[in-house]
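Next come the structures, one after another.
Okay, so chain A shows up in both of these, paired with chain B first and chain C after.
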Partner chain A sequence: MKAAIRHLRRNRGRTILTLLAVLIPVYFLVSMFGLTNSIVSDMFETATRIDTGHFQIRHIERRGMGAAIPLMHDSKSVLAALDKIDGIEWRTVRLDMPALASAGDRSQAVYVQGVIPEEIAPISSIRDLVVKGTYLKNGQNGAVIGEELAALLNVGVGDQIVLLGAHPETGLGALKVPVVGIYRAPISAMGRTVIHTTLTTARRLARSPNAATAVVVRVSGVTGPWDVGKIEAVTAQLKGLLPDDVEVLDWRKLAPQVSGYMAILRPVMIIFAAIFFGLGALVVLNTLYLSVMERTRELGLIIALGASRWRVMGMILTEAGLITVIGAVCGALIGVALAWIVEALGGIPLPGAELADYMKVVGMKPVLHMMISWPQVVISAAAMVGVAVLAAWFPAYRASKLEPVEAMRYVE
Partner chain B sequence: MPRWEGRERVNATSLRIAWRNLWRHTQRTVLMIAIVAFGSWVILVMWGIADGMIRSMTDTQIAYNLGDLQLRAVGYANDPVPSNGLSAKQVLGVQKVLANASVAASSARLETYGMLRSSYGSEGVTIRGIDPIKEQRVTKLQETIVEGRYITGPGEILISAKMAASLDIRRGERVVLLAQGESGTSSQAFRAVGFFASNLGTLDSIAMISLQDAHAMSGWSGLTSIAINLPAGASTSRYVSRLQKDLAAAGIEGIEVADYFALNPFARIMIQGSTIKMIPMVIMIALMAGFGVANTAFYSVLERTREFGMMMALGMSRKLLARVVLMESVFVSAIGFVVGGSVGYGCLLYLSRHGFSLGGLMANFSELGIPTTLYASTSGWYWVAAFSVVVFTALVAAWYPARRASSLEPVTAIREG
Partner chain C sequence: MSNSKALIQTIDLHKTYKTEAVETPALNGVSIELHVGEFTAVAGPSGSGKSTLLHLLGGLDRPTSGEIFLEGVALSGLSKDQLARLRMTNIGFVFQAYNLIPVLTVLENTAFVLELQGVVRAERIKRARKILAELGIEQYADQYPSRISGGEQQRVAVARAVVAEPSIVLADEPTANLDTATSHELIDLMRRLNEEKGATFLFATHDSRLLDRVSRLITIVDGLITEDEKKHDPSAE
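Entry: the complex of A and B
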C-alpha cells in the first residue's frame, strides 16, 4: 500500500492522466443518467397523471375493438374491491370512447374521456393546463379540448362541436356540446385527440346510463417507473377481490410510449457505458503497462530481495485500484455537483420554438433537468473501477512474471 | 550511422528510424494502435448509424408515403382541411404545367380525417383518396401488401394490417368510413380488398380509397396535394425552382412546391439534434485517444533519453529527432485508423444490408416519420470525419513529446539516461 502510494506520487503527471481516464467516463455517465432519468420521470408523470393512472381496471377485451374499450356496467363492485385494499392514493371512474368531433366542414377522430371533474381535480394537472375558458364543473354539459384540436376544427370557447360517438357496443350516438375550455397539452397527439367531458355527457354519447370503461387508480408513494414494485404490490392484493370479467392493466400496457422509451434507453446506456469504459480501460492499461516497463529493473530487484510474485502483483493492482477509486469518486462527485447546479438554476432551457414543437411531439418538456439516482451513480463508479482494475491485471501479471536477474540487467 | 543531409534523404531516414523504433516495443505499439483503432471504430460506427437513421427516414418516407415533391395550396400545411386545398381550377392549370415538366410521375391526392368502423370497433384514420394507377407510379406502398391487393376503383379500401388486426377486419369484409363533408357527416361503406404492412408508423393509420370516393365524402372537388416522383438521380432543388418558375409563367398562383423538409418539418431538427449529440461523444473519444497516444509517446521519449542524447551527439539535428518522434505517433495513428476504420466499415456494411429493428419503440414516434427498421449508412465522408479527429489528436498528442525530445542537451541526456 505504502509503496503504491509512494509510486503514484513519484509520477504526478501520469497519475493525473490515469485519474482523468477514469474520471471522465464516470462523469459522462452520471450526467447522462441524470438527464435520462429526468426525461423518463417527466414522461411517466405526464402519462400517469393526465391519462393512464398507475393502473386501470377494465372489462376484459375479447376481440379487436380498435381504439374502443369494452364497456363495464358494474364499476361499483370494482370500487368496492379497491376500498378493501391498502396503498391506494386515488381512484376515479372514467368512460373513454372514440368519437368523431366535427364543426362545420371539419372533422377529427378523437377520444372522449368522460370524467368526474371534482375527482380528477387533485391529481390531474389538466385543470391547470386550461389556457382559455374554464375546466368542467360537475354536471356541466360541455367539452374541454386541446389547442391543436381547436385549431383543426377552427373553434373557440363558446362554439358548438358535434360529437359522433362510435362505441361498437352501443352504435352511433350524436351529441352537440359547447366548448367550455381549451387546454395546452404536454404532447401534441393528446392535444389533437383527447376531449374531456363529464361522465354524464359521455354516458349520453354512449347511450348507456351506467357505462364506464375503466377505474383509474394511482398508488401512493410512486415517483417514477422505478417504483414498479409498489404498484405490483397493490395489484397483487386485488387478486380474488375483483369480478371475473375485469382485468388489471398497468401503466406499461396503458402508456406503451413510456415503457418503450425506457426499453430503448437501457441498451443505449449500456452501449455508451461500454464505449466510455472501453476507452478508459485502454488508457489505464496503457499507462500502467508503461509504468511497469519503466520499473522493470526496480521490480526485478524487489523480487530478487524476496518479494513473492503475488506481492508484486498485489502492489501494482493496489496502485491501479487506488487511482481508479479516486478518479471514479471524483468523476461521480463532479457529475452530481453539476446536476445540483443545473437544478439550482432551474434546468437548461432548450432554444427555439421549432425544437419545442418537436419535443412536444415526443412528449418531453423543452427544459432539460437532471435527476440523480444514487444507485446509478454508485454502479457507474463501481463498474468503472472494476473495468479499470481488470485492465490493470495484464501489466500486474507481467510484473509478477519478471525474472529477477534478467530484469535487473534490463536496460531502458 | 548515415549522414544527415539532403531533405529527401532526411525524410526517408526519419521514416525508417521511426518505423524501426515502433517495432522494438511490439506490445506497447499494439496497445497504442488499439486505442486509436477503438476510437476511430466508435466514431465511424456512431456516425454511420446516426446518418443511416436520417437516410432511412428520408428514403422510406419519400418512397412509401410522400413522393419526392408535393404541390400544395399555400396555407394548407398550417390548416390541413380539404377546403384549404387546391381548387379544381388550380388543379387543371397545374396538370398542364406538369405535363411539360418531365417529371417521372405524378399522383393527385385528396386527404381528410375521419373514422373507420368495423363491426367490432372504430379508430381514427387519415383518409387518402388516390388514383389507383397513378399513385402506384409515385409511391411503392403496393410492394408492402401482405394480404389481398391494391384498390382498383370506387368502393374499395386498402388499410394497414395493423389497423385490420386492431379492428378485427378480414379481407373482403365491409367497413364504414365516417368523415365530415361540406354538407355534414357522411358515411360510406367500403370493401377491404387488401392490407399492407409498411415500415412507417405514420402509414398505419392511413386508409386508401379512390379519388372519386374521397371527392364524394369530403364534398371537395379539388385536391389537397399532387405528389410527384422525379426521374432517378434528378436534383430535387433544381426541380423545385423549375416548377416554381413554370407555375409562375402559366399564371397559377397560391401554389407551394414542397420538398421533403417542407413535408416533414421535424426532419431538419432531427438532423440537427443528431449532429449536436455527436459532438460531446467525438470530443470525449478524441480526448481519451489523445491521452493514450500522448502518454505512451511521452514515456517512450523519456525512456530513450540516453539513446536520443547519443544520436544528437553523433550529429542528428533537433528537427530530425522531433520528426522521428512525430512520425512514430503518425504511424501508430495511421495503422490504428486503418484497422478501426476497416472493422467499422465492415460493421456498417453489415448493418446497411441487414438493418436493425427498433421494435415497438418507434410506434410512439411515428409522427416524426421514423421507420421501424433502420439501416446504417456507409458514406465515404465518415472516413474523413474519423480521420481528421484521429490525426488531429495524434499530432497534438505527439507534439509535446516531440518537443521534449528535440530540446534535449546531448551531454546531460547521455549522463542522466
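Entry: the complex of A and C
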C-alpha cells in the first residue's frame, strides 16, 4: 500500500488524470440522478396531488364508456373499507365526467371533477392555485376553471358558464354555473380542460344523486414515485374488504405519462452511466497501461526477486483501487455538495419564458432542483470503482505475465 | 573444487534465442558444478553467453535443452510460480543496473525479499538494518535510491541479495558501472561476505578487478566453457 501511494505521488500528472477519469463520471451521474429525481418527483407530485392521488378505487372498467369513468353508487362501503386499514393519509369521493363548457358562442370540451371542497385540500393543491376569486365552498353551486379555459371562453369570476354533461350511464345533463374562481394550472392542458365543481353540482350534472367515479386516496409517508412499496402495502390490506364490483388503480395506471417517463428514464440513465463509465474505464486502462509500460524494468526486477504473478497483479490493482476509490469518493462528494448548494440557493431557475412554459406543459416546475438519493450516490461510486478496477485488470495481468529477463532489458 | 555435493549442477545446457527469422545460439552445451562457499566468476567476451548462463542458473529463463539442478532440485520440473518461489528463497540477485525499486527506501529495498517471504515487519526491519550496518550503509536506510550514488546503490543491492541468506548470490556485471575505487570497495565487501558468512557468489563479468579476486574462474567463449580454473580456495584458509 505504501509503495502504491508513492507510485501515485511519483507520477502526479497521470495520477490526477486517472483521478479525474473516475471523479467526473461519478460527479456527473450523482448530479444527473439528483436532477432526474427532482424532475420525476415534480411530475409525481403534480399528478398525484392534483389528479390521481396515490391510488383510486373505482367501479370495474366497462366497455363502451368512451372517456367516461363508470359510476359507483355505493361509495360509502368503499370508505368503510378504507377506515378499517392503516396507512391512509386522506381520502375523498370524487365524480369525474366529460362535459362541454360553453359561454356565449364559445365552447370547449372539458372534464368536470366534482369534489368535496373541505376534503380536497390535502389531496389536491388546486385550492392553492386559485389566482382570481375563491375556491369552492361546501354545497356551493359554482365552478373553478383554469386561466386557459377562462381565456378560451372569454369569462371571468362571476360570469356564468353552461356545462353540458354526457355520461353513457345517465344520459345528458345540463347546468348553468357561475365561475367562482380561476386557477393557474401547473400543466397547460389541465388549465384548458379541468373544471372543479362541488360533488353535489357534479351529481346534478350526472343526474344521479349518489354517484361517484372514484374514491381518491393518499398514503402516509410516500415521498416520491420510488415509494411504490408503501402504496402496495396499503392496497394489499384492502383485499377482501372492498365490494366485488370495484377495483384499485394506483398512480402508475392513472398517470401513465409519469410512470412512462420513469420507465424511459431508467434505460437512459443506464446508457449515460455506461458511456461515462466506459470513458472513465478507458482512461484508467490507458494510464495504468502506460504506467506498467514505464515500469517494465522495475516490475521485471520485482518478478526476478521472486514476487509471484498474483503479487504483481495485486500491486497494480492496489494502485488502481486506491486511486479509483479516492476519485469516486471525491466525485460523489462534489456531486452531493453541488446539490446542497443548489438547494440552499432555492434551485436553478430556467432561463427564458418559453422554456418555463414548456416545463409547465409537461407538469414540471420552471426551477430545477437536485434531490440526492444516498443509495444512488453509493451505487454510482461503487459501480465506477468496480468498472475502473476491472479496466485495471488488463494492465495488471500484462504486468504479471512479464518475463523477468526481457522486462529488465526493456528500454523505454 | 570441493568434493562436497554440488549446490548447482548443469548438464549439457543449451540455450538458443529465436526470432521469426533467426536462431541465435547463446549456450552450446555447458556442464558445470558449483559448490557451497565458492566465489566464482564466469568470464568471457561480450556475447559469449555468461549472462545467459546466470539467468538460467537463477531460474529467470529456461534452457532450450539440458538440465539444471539447484540443491538437487531439477529446475525444468518447476512451474513459473515454483521458480519464483525458488528465486525468492534460494537465490540472491545483483544486477548491473536498475537494481533497486525507486519508490522504496534503502531499508525497504533491503527488506523487500523478506517481505516477499512473509517475514513479519519487525523481524525484516531488524535483519535489514543489521545487514546494512554490516555493509556500512546504515546511514542511508531512510534514503530513496535516487538520493545515493551508484556505488552505494550496488551495496544496497548486495545487502538485499544476502539479507535472506540465500543458497547462492548471482551477480551479473555488478561492477560494470562503477569507478575503480568503488568497484574495489564493492568487491571487498562481497569477498568479506563470502569469507565471513560463507556466502556463495557467482559473477558474470569481464572486469579484471573482480576476476583477480575470485577463487574460481570459468571462461566461456561462444557458449562453451573453455577453461575452469581454481585460483584460490577460501575454505582452505
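Some notes on this structure:
In the analysis below, the second predicted complex is superposed on the first by the 409 of 412 C-alpha atoms of A that agree within 3 Å, B and C clash if a C-alpha of one lies under 4 Å from a C-alpha of the other, contacts with A are read in each partner's own complex, and residues count from 1 in each chain.
Following the convention adopted for this analysis, a residue touches a chain if its C-beta (ideal position, glycine included) is under 8 Å from a C-beta of that chain, and two chains touch if they have at least 3 such contacts.
The model shown is predicted, which means the values in this text are computed figures rather than measured ones.
Superposition note: with chain A as the common reference, chain B and chain C can be accommodated side by side. By the touch criterion defined above, A:80 lies against neither chain B nor chain C after alignment on the C-alpha atoms of chain A. Shared-chain residue A:337: touches no atom of chain B or chain C. In the superposed model, A:60 lies in contact with neither chain B nor chain C.
In the superposition on chain A, A:408 makes contact with chain C only, while chain B stays out of contact range. Of the two partners chain B and chain C, more chain A residues are in touch with B. By the touch criterion stated above, A:306 is placed in contact with chain C alone, chain B being left untouched.
Of the two partner chains placed by the overlay, only chain C lies in contact with A:6; chain B stays clear of it. Once you line the two complexes up on chain A, you'll see the smallest CA to CA distance from chain B to chain C is 12 Å.
The touching residues of chain C, counted against chain A in their complex, run 55, 58, 60-61, 80-81, 84-89, 91, 93, 95, 98-99, 101-104, 108, 112-113, 116, 160.
For chain B in complex with chain A, the touching residues are 25, 27-28, 31-32, 34-35, 38-39, 42, 79, 81-83, 112-125, 163, 165-168, 178-182, 185, 219, 265-266, 268-270, 273, 280, 284-285, 287-289, 291-292, 295-296, 299, 302-304, 306, 358-361, 363-365, 367-368, 417. Against chain C, in their complex, chain A makes its touches with residues 2-3, 6-7, 10, 297-298, 301-309, 311, 403-405, 408. Taken together, the chain A residues at the contact with chain B in this complex read 14, 17, 20-21, 24, 28, 63-68, 98-100, 102, 104-110, 151-152, 154, 162, 164, 166-168, 188-189, 193, 256-257, 260-261, 263-264, 275-276, 278-280, 282-283, 285-287, 289-290, 293-294, 354-355, 357-358, 361-362, 412.
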